[in-house]
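Alright, structures below, take your time with them.
Look at the two complexes coming up: chain A is in both, with chain B in one and chain C in the other.
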Partner chain A sequence: MNAVENTCVTEDLGGYALVRVGGEVDLSWSQKVRDAILAALRGGDVGVELSRVAYIDSSGIAALVEGFQTARGKGRRFALIAASKPVLAVLQLARLDKVFVLFADVEAARAG
Partner chain B sequence: MTSASAPLIDVTKLEAWYGRRRILNGVDFAVNAGEIRVIMGGSGSGKSTLLRHLLGLHKPRSGTVRLLGVDIARASERELLAVRRQIGVSFQGGALLTSLSVGDNVALPLREHTNLDEATIRIMSRLKLEVVNLGGFQDLMPAQLSGGMVKRAALARAIAMDPKLLFFDEPSAGLDPVVSAELDELILRLRDALRMTIVVVTHELESAFKIADSITVLDQGDILMTGTVDAVRHCDNERIQDLLNRRPREIQVDADAYLKRLTEEAA
Partner chain C sequence: MNAVPLAAAGNGERRALRFLADLSQSLALSLDLRETFPLAVSRIVDFMQAEAASLFLLDPARGVLECRLCQGPVDITGLTVAVGQGVVGRCVAENATQLVRDASADARVNARVDAETGFLTRSIVCAPLATAQGPIGALEIINRRDGSLFDADDAEVLRLIAAPAALAIGNAQLAQGLVEQQRIQRELELARRMQKSMLPKRRRGDFPIRGVNLPAHEISGDFFDFFDLPDGRLAFVIGDVSGKGLDAAFLMVRVESLLRWVGTRAPAPGAWLGEVNAQMCRFVRDGRFVCAAVGQYDRGSGTVRLASAGFPPALLHDGVHFEELAADGPPLGILAEADYGEREFTLGKQALYLFSDGATDVRTGATDRLGENGLRGLIARHAGLAPEPRLRALLGDLKRLKLVDDTTLLLLQEPRGAQAHGLLELEFPAQAAQMRGVRAALRHALDAQGIAPELRDQLVLAVDEACTNIIRHAYGGECTRKIALRLGREHERLVFELRDQAPAVDPACLKLRDLSECKPGGLGLPFIDALMDDWKILPAPDGHGNILRMRKRIPMGEHE
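After this line comes the complex of A and B, so read on.
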């Protein structure tokens, strides 16, 4: 498998913040993902795009959980978009696939 | 740092002694990334001694133990710490700190070894309790847990840091068959979801056959074989078949060594 660069970029889609995460999300930089998600939630609804995540550990999952909980507190929508297989495997391990709102693509998440 | 193909564990010609008893007779042992390796053997086979050397709790009398590319007998404190951060151990008796709640036990490695935000630590440690089916039990004290719960809490603590390498000593010992089967299932899922390399020490055949990619059979300090589950099941080595069929072993007696042990003043 080709290594995917670790990236976390936020795009403003007009009132909807899309946080695109890629690479191997682990303890070494997951706090950046957390900060990006929490910063995005200061705006409006948030989607986290995860199709290019090759690995995520529980610190990365914790960032998603904290984002989701914060969004609920603020009455915002928070969705995981196009979660890759490695992400789904970890979500399923902790049964979080039944907790998060998952969408196949950005359009569905925004409409959702 | 190890290359992608180098084994995560690489033991060569490891000898171990307790007093004048040689426990490991120069064993070679290697485990690759992503593998679930079961170390099997009866009481006194040397499997716990091998495990203690793998964890760096004992220094080898001779031979080398390399973990994640680091020779742990010759590593600096800093190198050892870096290795230990990537290793999780679930001890047979749990080894939970009795003065800390279950949640604090699981969070302990994260608090000791990371600078993560406390909210992240709380979520990570509770997530691990969910994974081992102890969700919501974080405020209980270890003394309030059943044997199976202690085992699962110890596993949650062992995986708190998402280790690359997980050691699990006798996961099934003392557990009822259902809990034991659940733990076996969990070990498989941990490997697949969190990409862990896992070494399990056990004498439970059923568990070993269910989870192992490969099995190392130890007997009286020697590795009798390392092979797939099928290879071990069908091998024609008499000692291995004795172990598989639970036949008592014939203990070899070296008359000279025996008499020396009984009679020498300085043993």
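After this line comes the complex of A and C, so read on.
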């Protein structure tokens, strides 16, 4: 496993916020991811891009669940994009893989 | 008599041939003589125009002929005559047909039966039931119905009739012998299973005693046993009864019970053997004896006490050197007043091997024995394996060689998982930023154990979740206090231990939430529960902090 720098960058794609997350999302990092997702949801629909996530634990999953619930409350669309294998494994374990809307890439998420 | 060509045969001979064919056919219908013979004998009586007929079978063990079936006015079923005695006895002794034309004037006739029954014997023909292995009985007919006397033709016809009868009886006896053999085989199999069921059940977890018994035949004269003593120590027994077969097996059962009965009272091993020996000397009379070793092991102090009665020397192996522990006295059951010494040592990480002489008697060539040095070589070859796979590897080697005697092995060793040195030991402050390094170290250690990446990542996740919970809940947030992680192995299980110095956690407060609810928090414990086989929280032995113990079975073969 390559050491991937922890990153969390929000891009505004014109009314659609894309939060790109990378690295190992654990207790030390998940709070930042949570804050970024909740901030993005203030603007409109949100997609969280997870292709460069090498590790995620339950605190990272909790950040995603909180984003999902907040979006529902606001009537916003919330999707996970290009989830990496480690992310999918943990989503399955938490039985959340059928709860989240998952897209293969950003274009599909914006169109969906 | 020469074969009679059918075309040339007269009326009487044709009749005889047809009767013979019918008789042979009816006797071949079933192997059960009780079904076929009564009818056959009554047909013979009719065909021969006789008043009576009887069938005698030989009991080779007693040398007598017993009437098994008769037809006629007097029932002599059960009557026995010695071989050589009377007409029937002489017929079998000489393996030749006897014709007694006039019974009143023949010395061969035993007048006793007539005297007892009131029957008047006038004329007799008796033909042997001849087989390739000699006569197995005789067929006798008495008195022509028309009052005339039997002649040589009658004797010849009866001899012919006796042939298919002998064949049918021989076949039936053969079949019965097979059935008997199968019955004995079944009972031996049953005895083998009973014996096997007497061996102690293998104990799971980090139990330090393991035994195996390989009988050379159905029944074994070897045994082993282990059991808990009331004071918490473990007692173990291994033994080998002299001789083989059923009587050795019965003695084994008796001695094994006696060893256990005396052993549960936890006497010192020397006294233990002394008492069993004294009792055994009272009931063993036929020169049999039992070689045995008994011992007690205190897991807390690591102390082993061992005594041996003529058992092959025990081997103590530290992974490099062997120490030989010779017998402390003669085999059990020979000298009632025998004294048995004992020895005491600390097991530590060493392995104690006890083996019956079957293990060293294993053949490595036509006549070469494996010997004690050979066995040491095998042990040394597998020394790198954990106890369980090591015992299996040893057994595999012995089986590949030629087993000539019952072989039993007993291994006493603390499993590595229970030893101080783990596969990974880490101590780090309760801070989230530490976790990345902890996960990397754990991945590395699991890779070294040959754990597949998918399983490895799951185990890393579970440990990470546990650490996160300790930081957040046990310590109530990040701090400089420590978390200690230890990864160990118990046989086929990985054991993860996380120790903190936080106030005692009440396990009742740890609630597993339902994963099917979609909620942001509380996922850590369900993850641990789903990914590990089992987990529990224990108070640390020194009273400071908690230990979370998680276990996961890993597929054997993948490791080692």
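One rule holds in what follows: the second predicted complex is superposed on the first by the 112 of 112 C-alpha atoms of A that agree within 3 Å, B and C clash if a C-alpha of one lies under 4 Å from a C-alpha of the other, contacts with A are read in each partner's own complex, and residues count from 1 in each chain.
Simple rule for what comes next: contacts are C-beta pairs under 8 Å (C-beta built on N, C-alpha and C of every residue); 3 or more make two chains touch, one makes a residue touch a chain.
Since the structure is predicted, the reported quantities are computational estimates derived from the model, not experimental observations.
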- Query: Superposed on chain A, are chain B and chain C clashing or fitting side by side?
  - Reply: clash
- Is A:104 contacted by the first partner chain B, the second partner chain C, both or neither? neither
- Message: For A:62, using the defined touch cut-off, is the partner it touches chain B, chain C, both, or neither? Pick first, second, both or neither.
- Response: both
- Message: So in the superposed three-chain picture, is A:92 touching just chain B, just chain C, both, or none of them (first/second/both/neither)?
- Response: first
- Message: Contacts for A:9 in the overlay, against chain B (first) and chain C (second): which applies, first, second, both or neither?
- Response: neither
- Touching A:39, do we find chain B (first), chain C (second), both, or neither? neither
- Of the partners chain B and chain C, which touch A:28 in the superposed model: first, second, both, neither? second
- Query: For the superposed three-chain model, which listed region of chain C (130-138, 310-318, 328-336 or 454-462) is the one that clashes with chain B?
  - Reply: 454-462
- Query: Taking the contacts chain A makes with chain B in one complex and with chain C in the other, which residues are shared?
  - Reply: 26-27, 55, 57-59, 61-63, 65-66, 86, 89-90, 93-96
- Note on the structure: In the complex, chain C touches chain A at residues 431-433, 435-436, 439, 443, 454, 457-458, 460-461, 464-465, 468, 471-472, 515-516, 518-521, 523-524, 526-527, 530-531
- chain A to chain C touching residues, read off their complex: 1, 24, 26-29, 55, 57-59, 61-63, 65-66, 68-69, 86, 89-90, 93-96, 99
- Which of the residues in chain A come into contact with chain B in the complex? 26-27, 30-31, 34, 55, 57-59, 61-63, 65-66, 86, 89-90, 92-96
- Name, in rising order, each residue of chain B that touches chain A in their complex. 114, 116-117, 119-120, 123-124, 127-128, 130-131, 161-162, 189-190, 192-195
